[in-house]
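Following are the structures in question.
Same chain, two partners: subunit A is paired with subunit B first, then with subunit C.
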Partner chain A sequence: MMHELPVDRLAETAAALPHASLAGLREAGRTVLARQGFPTTKVEDWKYTDLGGVAALSRAWLAAGAPVDEPDTELVRRAQAGLDAHWIVIANGSVLEAFSDALALPGIGVATDASEFPKPHGALGGLNAALVRDPVRIRVSESLTKPLALLVADSATASAVTAQVRVNLAVDRGAAVQVFEHQVSSGDEGHYSNVLVELDLAADSRCDYVRLQQRATAHSQTARLDVRLDRDARFDYFGADLGGRLARHDLAVDIAGRGASATLNGVYVAGPGQHVDNHTRTDHRVGPATSRQEYRGVLAGRARAVWNGKAIVHAGADGTDAEQANHNLLLTEQAEVDAKPELEIYADDVKCAHGTTVGHLDERALYYLRTRGIGRQRARRILTRAFAATVVDSAPIAGLRETIGDAVEARLRDIMAEIGA
Partner chain B sequence: MATEPENLEQLVNRRYKHGFVTDIASEGLPPGLDEDVVRAISAIKQEPEFLLEWRLRAYRLWREMAEPDWAHVHYPKIDYDAISYYSAPKSDKDRPKSLDEVDPKLLETYDKLGIPLHERAKLAGVAVDAVFDSVSVATTFKKKLADAGVIFCSFSEAVREHPELVRKYLGSVVPQRDNFFAALNSAVFSDGSFVYIPKGVRCPMELSTYFRINAANTGQFERTLIVADEGSHVSYLEGCTAPMRDENQLHAAVVELVALKDAEIKYSTVQNWYPGDEEGRGGIYNFVTKRGDCRGANSKISWTQVETGSAITWKYPSCILRGDNSVGEFYSVAVANNYQQADTGTKMIHIGRNTRSTIVSKGISAGKAQNAYRGLVRVMPQAEGARNHTQCDSLLIGKECGAHTFPYMEIRNPTAKVEHEATTSKISADQLFYCRQRGIAEEDAVNMIVNGFCKEVFNELPMEFAVEAQALLNVSLEGAVG
Partner chain C sequence: MLDIKDLHAAIGGNEILRGLSLAVGAGEVHAIMGPNGSGKSTLAQVIAGHEDYEVTSGSVQYEGRDLLELAPEERAREGIFLGFQYPVEIPGVNNAYLLKAAVNAKRQHEGKDEIDAFEFLKLAREKMAALGMDPKFLNRGVNEGFSGGEKKRNEILQMAMLEPKLAVLDETDSGLDIDALKAVAEGVNALRSPERAIVLVTHYQRLLDYIEPDRVHVLSEGRIVRSGDKSLALELEEKGYEWVREAANA
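Up next, the complex of A and B:
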């Protein structure tokens, strides 16, 4: 069984979107989507995450004539406050020029030529292409002095909304860029956003990437970050998933050049009613090359986390060194973790390892803190924060570490208050 | 590398040692499967009505099911209508009463396989229920076991002599609808072993059975059922070799273990079926469902397997840890060489409180083989204090093989502690060099390193098997390094 979307409605909706020149891309997207349908839990990659809800929301939104909510400029201002960066702001799929100073930089703008985009890939790639409003293209030829902040600020106040975000980022040879992808949302109606970011790193280039997802807990998102690394390129990533009812992130790293290295770290925090799913895939096509990843998750209340890390070492990728780790902390009953660290190895001169743990707070550590006069609740908070801190402190943009640490702690406090623990 | 070229040539070209065909006319059913075939099998075996109904239900379920395709293996589609679902040695009708009455050709076969049945029975104190093709032909040490109250017999005999036990436990761990191959087995199983250990009895000897596939184009569908009643203990050994063949042979066995309160079952397997030739032609398709149910409190089920044979292995010996404080263990060495494909692992389902499980899996890939570990650890919400540790290591020998790990962890209780570790590596040049400069030949050095890699698992095997397993491993990897 597939979760299907009405293709004729998709076509009508697409016809009313800006940039008629993208019609070819949108049609290709419809074709892929019609062929594949929304993935169901029968598909191995979606075994633990059911998209039935977001498919229903998308159908209802299409049936209602695809309404677009007014952008929540207050939300945008709050998110921009205190961070010195070049901004690109996308609200419900539209670029907000008034808030996007980065558009003045060379090589950055809304792309309107369908031929510039690769063929849509997968059902969600198809959905993205079919309904994308303002796809953004960024080409970094010379290193930027300030981080590039990509703010996705969605809102659903008047009615349920779905939105597509697409960003294509290319970093030229030898250039370096810092990217901060921040996702927030507001409004009491249902919202589903589908984000696709493509990142191409040329030889000797470098990208530090921090992603912070703080959507309202009534809203859902599927997001994908596709990264390609050429020779000696370096990609350091940290992602934090704190919000959203259903939040799925796919991070796919393609190591296509020798000497490349990738670090993929992340933290996820989920409370009652939240479902957070992180999938990573690292394709080692050549060696020597290195990949390191560590994800840490904290769950409390009726929360569910999914983590699936896949490292594939292709034939001939000798000299690959790949490590994966995933650690989960279950704070209360009813929380569930589904973890799957996978290795597929087709070369012999490799070093690969993965480790996964699921457990609770160490009673002895709690006891130690309590003997020092620290209350049980506070002791739990200290240990939980320390558990997350090892990865939070690895966030590659140093200036953001405190922001993220505070956000993680605030979210944890909210969750614990909600479940009365 | 430094090995004599002639030696290498010899090693690479060595044929499967156990490849020969016993010249015994088989009495079998024509190829094909429908309800009549199921009825015929049941009739030949003079089974009671309940078992026929049970088989027919399985057949009807099987017909509605699709062959699974999720495993990391590739093989041409199996034509289930081209398989004969029953064959038996000619001497079946007048069953031998003792070893002396057994067809000498059968005994000869065992001799070729290096299983001196009577000798072993005397010397090693092992009772052997030998399955040749599909019908049991010899059972030894019956008396000693009977004195202890242990029932150890062929499945057909159990159906005749102890129908109440069979009826009570058959399908209670692996139901007919469990999966495609289990359903097929439930419909057409020919024979197998049955063990019942009464309350408080420690089985006086290791129980052993030898499976062997013989007549061409005959799928073999064994059914094993072991029930350990309260406070009992049993160790069961299963070993296999098969003759060389060009056509693929299907093997879909089902093994069910039931451990009641305080009982312990140790199940050890050495599997060395024909893996196909150097070009990947032929070889056994081994699609097996093995599952143990720790039904009572403080029970324990331990699986140890050494898998060196078969063209394709699809096998996940599992434990359902239902009883409080029950323990599940899985120790595995899986070797895949040439074109072999293995997708094997385990499932540990924690249901009871304070249940514990340990998984140690060692995968070795060589030649063009693909070797995958696939495992599931599930902790149910009521499984307070559950504990799992999984260690999963792969060793790669050669540039064209693959080693894969697909562990699933589904944890629904905050007091659970679950750990999974996996590593993949090759035999390092440093290790080899160290051995070589101590005067150890390359082939021996590789064997030594591989045996060391597998030691944790071999330590779990009963002694008779540990020796055989090491030798097997060396034979299986012959020609893999050079």
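Up next, the complex of A and C:
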């Protein structure tokens, strides 16, 4: 059984989108999507995450004539307040020029030439290509002095909405860029967004990447970040999934050049009714190269988390040094985690380690804090925050650490309040 | 200050304390000695309020109140401090944060304002210098990666900052080299005052060379079987715990 979308409706909707020059890309997207359909839980990579709901929402949206809300500019202003960055703001799939000063920088703009994009890959890549409105292309030739902020600010107030976001970012040899991908949404109607970011790091280039997902808890998203690293390139990533009813993030890192290094850290917080799924894949194609990964999750109530970390050391990738870890803190018994590290090694001289844990708050630490005069509830909060803090503090863009820390802390407070802890 | 009468306490259905009575007055230092398994640590944990220990009978009065009614955090705010035998490592919570939270919890309970940030740092640095602790320990995770001696010094630092009325130190001397032992003893001695009581739980007499107790009690099988002045500790050191057991059974 596939979750199918009506192809004729997809074609009609695509015909009404801006940039007719992208028709070829959209058609290619429809073809891939029609062939594969939305992945079902029969597909290994989607075993625990059911896209039936977002497929139904998408069908209903297409049937209703693909309505799109007015952008929630208040939401945009709030997200932009107090952060010094070059902005690109995308609301329900459209770039908001008035809020996007980064469009004035060289090498950044909405791309209207279908040939600039690689062929759609996978069903969700197909969906993205089929319905993308304003794909953004960024080429960084010289290091930017401020972070580049990609703000995805969606809304669904009048009716249910789906939106596609596509950003293709290339960093030239020796250049450095800091990227802040921030996802927010508003409105009481259903919303499904499908985000695809591609990042190509040339030799000796560097990218610090922070992703903060704070969607409304009634909204869903699937998102993917594909990264390719050439020789001596460096990629430091931190992601926080805090919102959304269903949130899936795929992070794929392709280490294609010797001496490259990648750090992939993340935190997820899920309260009652939330489902958060992080899939990562690191391909070590050559060595020596290093990858480090640590994800931490905090779950409360009937929350569900999935972490799947795959590392593949290809034949000949000698000198690979790869570590993966995933730690989960369950604040209630009903919360559920499926954590799975997958290591495939086809080279000889490698150093690889992985580990996952699922546990509760340390009773000894709770008692210790209480004997210091700290009340039980406060002690629980301190320890929960501390559990997440060890990765939050690793976020690569120093200027964002406080923003991220505050967001994580606020969400932890919310879920603990929801379960009365 | 502390008045324990005929205390019976159990953990997981095993009775450990079997009719222990002890009175500690303000200004006094008492040493509780005894072989492993005699109930020394259980006594310390029952005073601090560990919920795994069940008090089955007897009473514990603290400043004329029923101590057993209070949660561990309430006891702490009322001036009771337990120095842990095995201080807990808490990664992600820095030492300064814990110290400040602990000091402020007590101040709030006493109706005082929160401690001024500058004042706090000044005080913490002073106390650390006196204990021979590097100020960088303030910014490390609580006890995270600390050596045994550093952990014990950190317990004494917390005690010094909290200025408890009743300090119970559970085997604070175990695993310490002589320098650390002296530093810890100095920290304890600095806290001696007519308003304060200190209970030292220890296996060895060694600590008492540096902290002179007013009273020494020997615990065996959950009961105090002998009490005396500091000479009892020396006698015990010489004759061994077997002597006490025999004396208790005689």
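What we mean here is this: the second predicted complex is superposed on the first by the 421 of 421 C-alpha atoms of A that agree within 3 Å, B and C clash if a C-alpha of one lies under 4 Å from a C-alpha of the other, contacts with A are read in each partner's own complex, and residues count from 1 in each chain.
One rule holds in what follows: a contact is a pair of C-beta atoms (placed from the backbone, for glycine too) under 8 Å apart; a residue touches a chain by one contact, two chains touch by 3 or more.
Quantities reported herein were computed from a predicted structural model and do not represent experimental measurements.
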Partner chain in contact with A:Thr356 - subunit B first, subunit C second, else both or neither: first
Residue contacts with subunit A in the superposition, subunit B compared against subunit C: B
Partner chain in contact with A:Gly375 - subunit B first, subunit C second, else both or neither: second
Touched partner set for A:Phe387, first subunit B, second subunit C, both or neither: second
Contacts of A:Ala410 with subunit B and subunit C, given as first, second, both or neither: neither
Contacts of A:Leu343 with subunit B and subunit C, given as first, second, both or neither: first
List of subunit C residues in touch with subunit A within their complex: 48-51, 71-73, 75-77, 81-82, 84, 87-88, 90-93, 97-98, 101-102, 105-106, 109, 141, 158, 162
Footprint of subunit B on subunit A - complex, ascending: 44, 315, 328, 330-360
Subunit A - residues contacting subunit C, complex: 362, 364-365, 367-376, 378-379, 382-383, 385-390
Interface residues, subunit B side, partner subunit A - complex: 70, 379, 381, 394, 396-426
